[in-house]
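In the two assemblies presented below, subunit A is common to both, partnered first by subunit B and then by subunit C.
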Partner chain A sequence: MAQINIAEEFTRLPGPRFRDEGENSGQEFREEFLRPRFEQAVAKNETLVVVLDGATFGYPTSFLEEAFGGLAREVGIERVLSVVQYVSHNEPLLPREIETYVRQADKTSRQRAKAAS
Partner chain B sequence: MKRLWSSARGRHIEQVRRDKRDRRAEERRDDRRSRRRGRRSRHVAIASDQETVTAPPKLCLFDARDQVLEFWSVLRAQLARRHTRVWVDLRYVQSITIDGLLIVRAALDDAIEQGRGGGVRGNLPNDIAVAATLKASGFFQGFVRPPGQLPAPQGLVRRWSSTQVQSKVAAELVEFAMENADVPRHLAAASYKALVELMSNTHLHSGEFIERRQRRKPGRWFASVQCREQVAEFAFLDLGIGILQSPAARSFLRRAGDTLIGYGEEVLLKDVFEGRVGASIEQPGRGFGLGRLRQMARDGLLGNLRVMTKSVAGRVDALDFTEMSQSLRGTAYHWTTKQGQ
Partner chain C sequence: MRNRWPFFWVVVVAIVFGVVVDWKQCPLTADGATNVLATLLLGWWLQHALQRDADLDQIPLSGVARAVERVEGLVNDCIDRATQVSSTVDPQLLTTLRLLNNEVDWLESQALKLGISAAERAAIFDSYVAVKGHLTREKVPDVRAAADEARNMRTQGAEVHWKIARQILVKGKARKLFEG
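Up next, the complex of A and B:
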């Protein structure tokens, strides 16, 4: 089982969506940490566990969507759902929130609104 | 001894010499005076006149929005004039909130950054309690204070401004609230997430196109927190194009086959906070941020979250927006850590 701890390995203060917006972005996390570890886990046929605890004030929405939704857009929604698991004792609902972003990673806001109505 | 000249002639010559001396002295005085006048003239050319802009008694953006927006638009217009000194008259201010304070400071900072405004001075309120708070905030350095000793300030203020998304700054503001208003961690976390989202929105959407190839200059945001009586109040402001005129909103209206006037600003703002409008051009995965903000407001994590943009303002949790008679260029938010609001 592979593991990645965002707070210890990347930052305790997750920031914006894209690199050019500022430091500690979801894009940077995905490109530098998440995607390589995901590929390693897939190569070894392992589960990748993402530890979400330890971030000082939690995770902004855009960071999570770009990190995990972005990964799903790159490698496929079903692959991410099958390989990645989450650990979050401080915010128990956070894994479900991330899963929503992954499942809807290929949908625009218009498509989501249409599906909801 | 032969006299060289008669007494009358001598007196005449003396008189001529005296006149010459007096004339030279006067010329020297005139020179000095004109040199002084010349310097003053150059100074006057830099700031040809002074305009006074008077703030209303209630400097609270969301609670007295029409008066504050009217004052603010006059202030910005005066600041935009290059060679005009502006006197900001705060004498009659009797109450002020962090959003009112921030909008005035943002106007001054924006003018300074754009190299406009011949100089800004002013006077603090006659109400010494309010004056003490403003002085302690550091927002109005150099403003004339009322006579006498000022009391201890009502609450502590911290503010920041940038064009980048700065998670460390968001953390600083939130930690300031935790230290000075005993804000519990879960409310602090909600405010942190809100601040980062709003900074990101400003950076991505509120900037202006700077040339035909449509590169966008990142928008500047202003954020502040005031801690008073165990409650922290946050204010966030950008002076960009505003939510309702962002590319996402315009794209949405185009698809709806309507204009902003036809569609309605209140209706469009509801769509924004319900997540229907999306973000930027229609890219997958975008448009969760403001919807999440609304959810946090509904859960009581962002107390009494209010938004103001263009000519519409109101509460985000209930999507209760109304039209204003004045207009704000940009977008302003205000919320507190007081639960149960």
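Up next, the complex of A and C:
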């Protein structure tokens, strides 16, 4: 079983969606930590557990959607749902919330593309 | 340990009632067997009503009501804070959303214990995710959309409260469910 502890390995202050919007963004977390660990877990046929506890204030939707929804857009919704699990004692609904963003990753992508155009 | 004294007094009252009715030979209950049956039925109904009241008194319905009020208060706090900030990673906003997360989870857990269906429970969670999304999804909060969804969330909170009360009335001895 592989594990990422966001507060210990990345930051206690999760930031905005994209790198150009500020420090500790969801994009940075996905590219530097989540995607590589996900690939390692898949190669070893393991579950990747993401520990969400320890953030000082909490996680904005922008960070979570870009990190986990973004991963689902890159590798596929079903693959993320089957490989990644979440642990959060401080915010019990956070795992369900993230799974919502993963399941809606395609829809969110279309909305963002439409907004950008 | 359940208090048996109400049942004792119901039996005493029922016996006295039966004796009085039989003694007066009321035309509607002229047959002695009918008197006994009517008395027992009345006694059972009184006992059932008293027991249900006793169960309701011991269930934390007031706690559920307070949780719904806290949800309403926290949603208002989130909206108020969002009007004062220019960033969606504001510490106070995120902390209040975290508190809201915990309150919604508590309400859902009580609803789950009482057997309220996942679909009925999901509405308030969906509203919470929508409010949080409007407040923290983009660079700046969308206060107007969040306020619209907040109204919906208050309604969902009231509905969860009502569904919990309904389940308690239907199930009667729901106190045991709360005790796990």
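The rule is simple: the second predicted complex is superposed on the first by the 107 of 117 C-alpha atoms of A that agree within 3 Å, B and C clash if a C-alpha of one lies under 4 Å from a C-alpha of the other, contacts with A are read in each partner's own complex, and residues count from 1 in each chain.
Note that in this section contacts are C-beta pairs under 8 Å (C-beta built on N, C-alpha and C of every residue); 3 or more make two chains touch, one makes a residue touch a chain.
Just so we're clear, the structure is a prediction, and the values are computed from it rather than from any experiment.
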Open item on the list: Once chain A of both complexes is superposed, is A:T56 in touch with subunit B (first), subunit C (second), both, or neither?
Closed with: both
Task: subunit A residues touched by each partner, larger count belonging to subunit B or subunit C - done: B
TODO: Using the touch definition from the top, say if A:R73 reaches subunit B (first), subunit C (second), both or neither.
DONE: first
Task: Which superposed partner A:D106 touches (first subunit B, second subunit C, both, neither) - done: first
TODO: Have a look at where A:P92 lands relative to subunit B and subunit C in the superposition and call it first, second, both or neither.
DONE: second
Task: First (subunit B), second (subunit C), both or neither touched by A:P16 - done: both
Task: Common interface residues of subunit A - those touching subunit B in one complex and subunit C in the other - done: 13-17, 21-22, 56-63, 65
Task: In the complex, subunit A residues that touch subunit C - done: 13-17, 21-22, 56-63, 65, 90-94, 96-97, 100
TODO: Within their complex, state which residues of subunit B touch subunit A.
DONE: 164-168, 170-171, 174, 185, 188-189, 192-193, 196-197, 199-200, 203-204, 255, 274-279, 282-289, 292
Open item on the list: Quick check: in the complex, which residue numbers of subunit A touch subunit B?
Closed with: 11, 13-17, 21-25, 56-63, 65-66, 69-70, 73, 101, 104-110, 112-113
Open item on the list: Applying the document's contact rule, which stretches of subunit C touch subunit A when the two form their complex?
Closed with: 87-89, 91, 94-95, 97-98, 101-102, 104-105, 108, 125, 128-129, 132-133, 135-139
